[in-house]
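Just so it is clear, A, B, C and D label the chains in written order, and each chain counts residues from 1 on its own.
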Amino acid sequence: MAVPWVSDLTLLAAILATLLPLCSFLVVMLFTRSHPRISAGLSIGAMSVSLLCALFLLNEHWHMEKPLEYAGRWLVSGSIEIPFGFLLDPVSLLMLAVVAVIGFLIQIYSLGYMAGDPGISRYYAFMSLFLWAMMSLVVAPTLFQLYIFWELVGLSSYLLIGFWYEKFSASQAGKKAFIMTRAGDVAMFLGMLLILLHLGNLSILEIDSPALAARMSPRLLTLSALLIFGGIIGKSAQFPLMTWLPDAMQGPTPVSALLHSSTMVAAGVYLFERLFPFFFFSPDAMTFGLFIGTLSMLLASTMALVTRDIKEIWAYSTISQLGYMIMGLDAGAFFSGAFHLTTHAAFKALLFLCSGVLIHTFETNDIYELGRKGGRSLKVPMACCCIAAGALAGLPPLSGFFSKGLILEGLADLSNPVWLIAALFGAFLTAYYAFRPIFIILFPREASGEPEVHSATSTSKDHSAGHSSSHYWLMGWPLILLAGATLCLGFLKAPLEHFMGQTALPGVKGIGHPVWLLYTEIILAVGGVGLAWMEFGRRCAQQVGFVEKIPALHRLFAERWYLDHFYGWFVDRVIDRGVSALFTQNDHRVIDGSIDGISRGTVETGRLISHMHLGMVQYRLLAMFVVMVLLAFYFFF
Amino acid sequence: MKWMLFSPEIFYLLAALCFLLLSMTGRLHRRRDHHIALALAVAGVAVCVASLQLEGSLFSETYKIDLFSQVFKLLLSVGLALVVGICSELRGIQERYEHEVYLLLFPCTLATMLLVSSIHWLGVYVSLELSSYSLYILVALRKDWTQGIEAGLKYFLVGVFASAMMLFGMVILYGTTGTLDVKQLAQILPGLMSHAAVVVGLLLALSGFFFKLAVFPFHFWAADVYQGAAHQIAAYIATVSKVAAIAVLVRMVAMLGGSSDYFVHVLAVLSVVSMTVGNLAAIAQKDLKRLLAYSTVAHAGYVLIGILSMNPGGYAGAIFYAMAILVMKFTVFLVLVKVAWDGTNLEVDGLAGLHRRSPLLAMALMVALFSLAGLPPTVGFTGKFLIFTAAMERGHFALVLIAMINVVISLYYYLLMLRAAYLLEPQEQCSPLSLSAPIKLLAGALVVVMVAAGIFPRYLMDLARNAAQGLM
Amino acid sequence: MPMEFAGFPFLSAILISCLAGFFIILCLPEARAREIKWVGAVCSGMTLALAIYLFFAYDKSRGGLQFVERVQWIPSLGIQYFNAADGFNLPNLLLSGIVFFTGVLTMWELEIRVKEFFALYFLMVTGVFGLFMSMDLFFIFVWYDVSLFPMYPLIAIWGTTRKEYGAMKLTLYLLAGSALILPAILYLFVQSGLNTFDIVRLMQPGTFTAYQQKFAFILLYLGFGILAGVWPFHTWSPVGHVAAPHGVSMVHAGVLMKIGAFGVLRVAMFLCPQGWQHWAQLMALLASIGIIYGVLVGLRQTDLKYVIGYSSVSHMGIVGLGLSTMTVSGLNGAVFQMFAHGVMTALLFSSVGYIYDRTHTKAIAELGGLSRIMPVASGYFIVAAMAGMGVPGLASFWGELLVLLSAFETYPIRGTLAISALAVSALFMLRVVQKTFYGPANPKYVDLQDVPFSLGVPRMILVTVILLFGFFPSLLLDMIETASIPFINGLPR
Amino acid sequence: MRIVPFGHVLLLAGLLFVMGAFCAVTRRNLVMIVLGVEIMLNAAGIAFVGSALRWGQLEGQACVFFILAVAATEVAVGLAMIVFAYRKTGSFDPAGYNQLK
């Protein structure tokens, strides 16, 4: 790798930030598999150094004008040149910092959560693998490198979801997640190839530059944009490929917090940011993205209304918030998507970690159960949970309000009002489903008249034994930090906008501030919380949601709009029993059959001919004579 | 010094006479006869080697001695020596007639030597009949008389019928051209090739050799004779008389073949049919010797490809293939004789457990089978390779393709034999085969020859090529 | 015999060390199994060391044929013992060395008839090495058959399920392939009129007319394609893999199928470029069908080795697709994939072999939760399965990436078909891994002990090779590039 | 001095040859088969004499003597075998000999 040897510090920091988790992964996997303490320490140490480097890079380049790119020659094959290196600009540095901070906090949290689990060193190894893949994905200078780490992130999510592989449901969920994201990756790979064909190389800066738009016909540009958007749909669990995320909750809760809420699923949105100018050139792709974002946001919110498993609620809310970000980006508001991604990462991780503490102590995922077992007694987690839910709902002082407001303003600038109406309705639903579990846990109904415990999806208990109080504080400390972040991140809007704005992209519209939009947003948020209070918080409320009153709707949402049934039917009927059964029969009967048939045929003719030789002597003489006569006659033809 | 040219034949005549005297002494000394026969055979080989470089012609230009004939005489003498080598017990022959075996073997070899170098149709006919008749009797001497007599009769009837057809062919040739001397015919025939009578006559004339080589219409005797005859006699028929048939066919076609397409087509038809019939029939065989018979028919088909391509490469290929057949077939018969030492017929499954009973024989069988199948590092492959190259030079692509398909079919039953030897476990516990030192040496030497001729075929090929030059 | 040796004849040294092993084993008495195995290990280790030395000693800047060895064998027919190393055959030589060495170590626990097994094993691998290094048509065919016929006794005697049927079918099918190759080689030899089998001389443009090239190419492609598992002719490979003992199926799937692909490259494409351009469409079609077909049929298999058999049919389809695109990166990808797939399948088979030796069953339904019982052994299988799916960081990702890149350029529809197979191959591999390794531990196998270090060595070597060439593909690609660029540029337009 | 054109002689020999073959193929008696072959050999003899006359050479005549000698040995060997077979199996019918499978 002919990289110009480290003269400046930035490159060293970038290298350290990305490669250290890889080293810890290799060291843990090869040498310290049997010493959990050492492997945990190793991976947290590596993560802390990468965190420091990420933060150092962030403030070192706070005022950078043009992006920094380092590229070393990695693989040359004929006309294709695949370099390996780093692309540092505000988009990637911000994301790098987000990933590093949340990764570090969750690794600390996991010390407490996973204590006593036999596979802890394997857990930390896979976590370091994920962090290496995610960090390198973020700073990838070319789509090749991004695609490579995109797949590696998918692999680590498979390994972490299926961490407790003894549970059949965990390995099943891991397989489902991997295949669905892989389907998206296939689309993305095709989109990449289309660009490669026309551009010659896949460096991101060149893709974003107008030069590409000049080379490709608009129709082809839209097609490749749509294909790459397919990859985003796969990774960020948008409309068609969304059902793997709620199943991914089988994994340990810190994994859900890190991967399936803030960082991994956000990779899709990050890719959108990364190629924003490229997407911007094809308006049809933007409208299609807008449609997909809205659809998945609404569907996910409706699913969150009915489910009883606390982690699944936050999983659905992640899908809907990602839908929000994509709507924001597709509406052309570049900074709104990026800012919402940052704030969402913080409060969603906080939500998961709080519910992790609850699950960890009471060993059940069901919100009614948690309520009855005295969830309210744990003061710190419940407080942070309320803050995070408030941010999710978009209540004013919290970060969620600012970032969601930006998105709504972006949508307001669009000509067609339907997107804005859908977004506002979504905001209302979000507020409602955010506070439903909070009130159920805070104001549990006594044993009498409780709706009998039945959970829509069979969520088996988390695999963790009771713990001493020392772990309590290990898990508590990250919560407080994250709660602080959700509180003050909202106020960092202006400096962040300035930081992101430096490389403001041409053609991005300025964002106006219609006043009535701000008030409607607040009213809807408070209205949602009030409705939730009405149905769950009040003393005499029956704790039955307005949706659960209509059984048909209830079942529809509980069954995830029958998407899972469709996929199950498709994989089982079409692929398994249909096409591959057809091919297998063809293989056995037609191809193999014909070859065995030929060989049996020769053996039969052999037997026939050998019988011919057993006749009387005189037949042989006759045969000789006749053949020679025939050969003689042949002369005349 | 003319008689020096004739020395191999004279030697074998004297040997035959000596055995005639011995057979008249009455009492049977099996060991003594065997030792004398072995000594005489080896001496015969020495004489042939000595006379290898001789050139000249005898009996007023009807008996040609050149490298071609001398090489084949050497091959025939080596074949005889090998066959005599495995005649130590001769359990397959009735005790009373054991004298006659050597008495008839030596004249038969003498006849084949005469056949090889005579270039006058009458000489060819007489020597062919002499060798056939001695073989008819040898086949009939089997201890189990029912098999022996049936095989002898069938062999006799088919043989005599074929020689009658050959004679008629000769007559037509003589009638239309006026001469029986092959050298003169070689000048006259190219002009007359358009006449039906001449070509049919030539074809009928060759039918005698087709019978000897067991080519398609004349191969009906092969299966029954191999099964009916004693193992040693079957070995002799499979090796020595095949080599002689190839020799005389090559000489006749080389000198008389000429340019007529019809003749090439007929030979091609015969070769394809005999290949296919031989291979297909061999698949369904249970008895080992019957299977070997059909495989010989198939090999006759392969040799015919070499002969019909009518170029020096083709003839050299046929000569090389003759050498290969001699070694390959003899090795399989050596294994057969040692496994079925009591002279009874052996089933293919009778080879069961051979790898345990005697690893050396099993290895020899494996190498021989792969060589018969024509797999590379062995002499069989080089033979086939030369023949196919020659055929390809004449543009017979389809013929080569059919031949290769036949090779694959033949591999099936060779692998079945290998399976029997290496995989099957014998039902009753058979004792390990104890081989005498010379036999072990012979088996090892054969394996070495087969593999060495496959890997370094250069010298043998040059010998065959020079022999083929002399023909034109 | 005029000999021409450029310095110490390394290439022949590899052959000699194989043959030496063969003869020493022949001389050792049957009872001394341990010594036979050590002789096997030493000789195979020597070939590996030589292959590695050659790999790194090859001067990439100069390129072309190096370490040339030429001995006139049969001058009258223009046959010479002509060996040379270039960008295409060095990776394959390295692959054969690795798979051969690890194959011998994997068969360390063999008890029955050890002497015959290793003798035949050495003979087979001598054929493999011979074919890769030879530049003479005659010797390519000779080594092709030498590597094939030991297959019958190896599978028929030491095989597992339906061994006799599998052995007979495999041997006859592959030799039916040679029934197509020999006529084609002779046809080329005769039509060239140069009375030589030397590929370098026959390769010069203008020796054959376009019709002759088209005619010979299809025959050679079908002949070698049968061995490379090209779609309609692939049915022998799963049957053969299941029947063969795992050491043999390692070499068989790992290296022998590469001989088929290498044969197509070295003989068919070198000598008949116009034939190649003419038939490329058919090659691409069969290859992409093979990719999809192998994966889909693999989905329904219940036997572990069948699964691996069909996955290698699919991967060989990728190699075929790479060969059919007339681009440099397509060729690079194909040769790289040959190497990567070889190592990966060898690892798959050796881990299945270990599992079979312990549980005596290959049926996926009976196995379950092995990861808990023997984590290290199942870890090897899982790494190989990941490589099978084309996970980056493992060797076969780069092969697939390059092949699919160039396939998409030349054949967009077939390229898309092949790329969509990536998703199905994930489903296929993960389903196997989940059923055999995850899920509750099967009580029957609870007391099995994990793979000890000594037995783990071969599998560790394979894993490190996969990782090494996964992280640093340029090590191999620069080598292949030195041969593919001059070849593609030299093509007549 | 040519009494008959050569064609006719050849035709006679051919007819005789075919009749001999027919006799050998149809008669269900071993001796008759050998007799049939004898007829075929004599047919060849006639043709030899005819062609010797046509080409005015004595070589043809010499060949006839050889044919007679060979026919004699054929009869000797053939009948010896047939007699031996008759003594053992008691029948001349060629169909009886089909034990070899």
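We take it that a residue touches a chain if its C-beta (ideal position, glycine included) is under 8 Å from a C-beta of that chain, and two chains touch if they have at least 3 such contacts.
Being a predicted model, the structure only gives us computed values, none of them experimental.
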Chain whose averaged C-alpha position falls nearest the assembly-wide average: C
A-D against A-C, pair bridged by the larger set of C-beta contacts: A-C
Inter-centroid spacing, subunit D versus subunit A (mean Cα positions, whole Å): 97
Computed distance of Cα centres, subunit C from subunit A, in Å: 37
Averaged-CA centre spacing for the pair subunit B and subunit A, given as whole angstrom: 78
Mean-CA-position distance for subunit D and subunit C (Å): 65
Sequence positions of subunit D contacting 2 or more other chains: 21, 24, 33, 94, 97-98, 101
Shared-contact residues (touching 2 or more other chains) in subunit B: 153-154, 157, 161, 165, 223, 412
Junction residues of subunit C - those touching two or more other chains: 172
Listing of all chain pairs that touch each other, if any do: A-B, A-C, A-D, B-C, B-D
Residues of subunit A touching subunit C in the complex: 73-80, 148-149, 151-152, 155, 158, 162, 165-166, 168, 170-172, 174-175, 178-179, 182-183, 185-186, 189-190, 193, 196-197, 571, 575-576, 579-581, 583-584, 587, 591-592, 595-596, 599
Of subunit B, residues touching subunit A in the complex: 153-154, 157-158, 161-162, 165, 196, 199-200, 203-204, 207, 216-218, 220-221, 223, 262, 265-266, 269-270, 277, 279-285, 294, 409, 412
Complex interface listing, subunit C residues touching subunit A: 169, 172-173, 232, 235, 239, 293, 296-297, 299-300, 327-329, 332-333, 369, 371-372, 386, 391-393, 397-398, 402, 404-406, 408-409, 415-416, 419-420, 422-424, 426-427, 430-431, 434, 437-441, 473-474, 477-478, 481, 484-485, 488
Touching residues (chain side subunit A, partner subunit B) in the complex: 599, 602-603, 605-607, 609-610, 613, 617, 620-621, 623-625, 627-628, 631-632, 634-636
In the complex, subunit B residues that touch subunit C: 355, 366, 370, 375-377, 381, 385, 388-389, 392-393, 397, 400-401, 404-405, 407-408, 411-412, 415, 418-419, 422-423, 457-458, 461-462, 465
